[in-house]
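The two complexes that follow have subunit A in common; it is paired with subunit B in the first and with subunit C in the second.
What follows is the complex of A and B.
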């Protein structure tokens, strides 16, 4: 009989302790943010989809070497380039040289796993992570980014 | 349809729990043969989220497999990537700077606390208590924010590289980690008073869901499940790797073999992880995070390599058989949850279904890791 009552007493005690803790939480500051009206600033190293970096002239720094394409585990980067001839003066002589210019840089974000190996493999510091995270769509074509186009849009 | 079905006394029926059931925490299906509320026989059915990570490990070059490992277990991803980089470093003979190893240990332990916190919340929710989940998530959010600021992602980290890390930690991370330790200790006291001391909680777990040491050995169960059955086995102590021999920490072991023992092991483990983080931050050396000499193309010499690590769920082993090319010949993952789950069929025989679900919760199953 004594055990029966002591169990009831202990039960009530644990109930009171639990309610006391939850009651204290009422007066703690709110930790959540009302999302669409207020957003949290993404941290410096946040990894969004990749973005091309431009040089001072406003053209992409990318030299179309294709290292990122080769490093990518899921093959979501595809790029194309064309050869452009340009003249350069070496020791008083005018010579024509060739160089690759980026014509297309497509990212298929649906298969990207944000491992960062493209950024790491780039020797020319030409790509970086964007801070974009508000990406939601019902169409998968919305995640096929034309990064060269995005760069031009940013400049214009 | 012609009226309700009447079950005769002594007749059993089949109940499907899952593959889409909140108590299974993922796409695990359990076929249960029931006699009323008692389980006669249970059979776990797998394969709903199989993604062929092992085959991908054989088709891709070594660095390209890096993001795959964090997709195994989304709650404690860093432990798995740690095992992978250690295995490849052992195979290719890459030296790791000390600072990188310390940062790895700190982040892995933070991730372990985050994983146990989420398990704690989900486990109490399985038993019918919703509020502790909210408190656990609040603390876990602190860790995720901290890890996001240094790794760039919140769950599926791809932070470790062969030989070191992707980027170094900053002072802000160190300050936040230091501030986290007392905060978490306070929270652990709160959880103890709120949940561990709760009489309903104790009555649902105490002495229920027995998993003996013998059964653990039979199925190869590791981690908190084995430590809750009195087996003193922790890879960090028994086969030390990385910088763990330099830390002073205990391995909590409980002999009761019931669901409450497994709960207690995980709660104590959080405290031990905090101790490791504290010591790691104190001892953190200066220096580079990547070795000076690192092979450009990773081609381990032909051979068979194995590395085991202690993740939040148990002992995770990775075996790499190399034939000297840039792809692995065989890439085998030994995942702890697979073994831990295998004993569920035998352990839950003759139990009531509510107790069996509490037992399943105490195993801490993460389904993508079972199926790989």
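What follows is the complex of A and C.
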């Protein structure tokens, strides 16, 4: 009989403790972020799709060597380049030299597994992970990114 | 006579409006309260403080199609939501909000409310059985066994109070407690020293009767999808929801009338309808608070609580009160 009542009392006590905790929590400030109106900064290590890095002049740092394209296990990077001639002064003489310039850098994000081999393989620090995570669409064409175009849009 | 019938018709219209408004805004209060307890804001996008959320939800429910599943018992399926809502509204007719704000003061008011409350269990049974869904049937079986086992301690407690006060008229029950907090049935009296325990029993039984957490086995989402209203959509579901919240208001009103002095002020001054509303909304807040604190019980724990603890103690209280009433 004593055990019966002590169980009831201990039960009631634990219920009261629980109620006390939630009552205190009721008056504490909220900890959530109202997502579409406010967002939190993504951490340094977050891996979104890749993005081209620009130099000081606003042009892509990429020299179109194609290392990333070769490193990609899923073959989702395709790039194209053209060679342009430019003049440079060496020891008082003006010489014309050739250089590759990036004309197209497409990423097929539908097959990308975010392994990061492309970023790792780049010797010119020309690509990085973006912090983009609001990616949702019903059409797969929306995930074929033209990174060169995105860079220009960012600059304009 | 025709005047009293008109009186009742007007009262029912007001009761429907009151029940619907309460159901809508208690959902809002519940969601906001749950949010606060879980340290998030709750619905706050539609209108200031999210106050336009209930009309939006109502519009959504009303514009949806009512799908009757194949193989369902059509009559029971359609009747069940109505049966959940109507008794709840009918109970409002006899609840005295203040000395003058009462549609029909009946000599058997307590009896009437409990009779209608029992119909709520039937609605759940019809819904679960009629929708021909295994989750629905399981939920119906659970809810009915729960309702039956919790009605017993509830009614025994009510009998104790009726014995003490000698009336089943809700208005007279409140009148007997007028004049301040020391006259309330909540406090132990000479003839019934266990009144606070009786209040606790009645409170727990109200939670169980209204199928609220931690006794919401009838719609245990994690086990039974949505319980008895798994197959209901649109306004069928809406009616169940409204009935549930109307029952919560009635449960809170009953506790207020039986234990907390109805429309009386704790200090015995200015009795008015506002005290009644304040008391029921404080009780409803405590229901919400309890819901978001405790996890759901098991069916065994639920039935054990009723049959092994609540019924013996309420029976003991009944016998003790009966004996002491003879002495004093």
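Following the convention adopted for this analysis, the second predicted complex is superposed on the first by the 128 of 156 C-alpha atoms of A that agree within 3 Å, B and C clash if a C-alpha of one lies under 4 Å from a C-alpha of the other, contacts with A are read in each partner's own complex, and residues count from 1 in each chain.
Going forward, contacts are C-beta pairs under 8 Å (C-beta built on N, C-alpha and C of every residue); 3 or more make two chains touch, one makes a residue touch a chain.
All of these numbers come straight from a predicted model, not from anything done at the bench.
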Let me test your reading of the model: by the given contact rule, A:101 touches which partner, first (subunit B), second (subunit C), both or neither? neither
I'd like to know which partner A:10 touches here: subunit B for first, subunit C for second, both or neither. first
Check the residue A:18 against both partner chains and state whether it touches subunit B (first), subunit C (second), both, or neither. both
In the superposed arrangement, which partner chain does A:34 touch: subunit B (first), subunit C (second), both, or neither? second
Check whether A:26 is in contact with subunit B, with subunit C, with both or with neither, and answer first, second, both or neither. second
Which of subunit B and subunit C A:43 touches, first, second, both or neither: first
Looking at the overlay, what does A:63 touch: subunit B (first), subunit C (second), both, or neither? neither
Show me the subunit A residues, by the header's touch rule, that subunit B contacts in one structure and subunit C contacts in the other. 15, 18, 21-22, 25, 31
Which of the residues in subunit C end up touching subunit A in this complex? 33, 35-41, 44, 289-290, 292-294, 309
Going by the contact rule at the top, pick out the subunit B residues touching subunit A in the complex. 60, 63-68, 71, 131, 135, 138, 141, 145, 148-153, 156, 158, 161, 166-167, 190, 193-194, 197-200
In the complex of these two chains, what residues of subunit A are touching subunit C? 8, 15, 18-19, 21-23, 25-32, 34
Mind pulling up the subunit A residues that touch subunit B in the complex? 7, 10-11, 14-15, 17-18, 21-22, 25, 31, 43-47, 71-73, 113-117, 120, 129
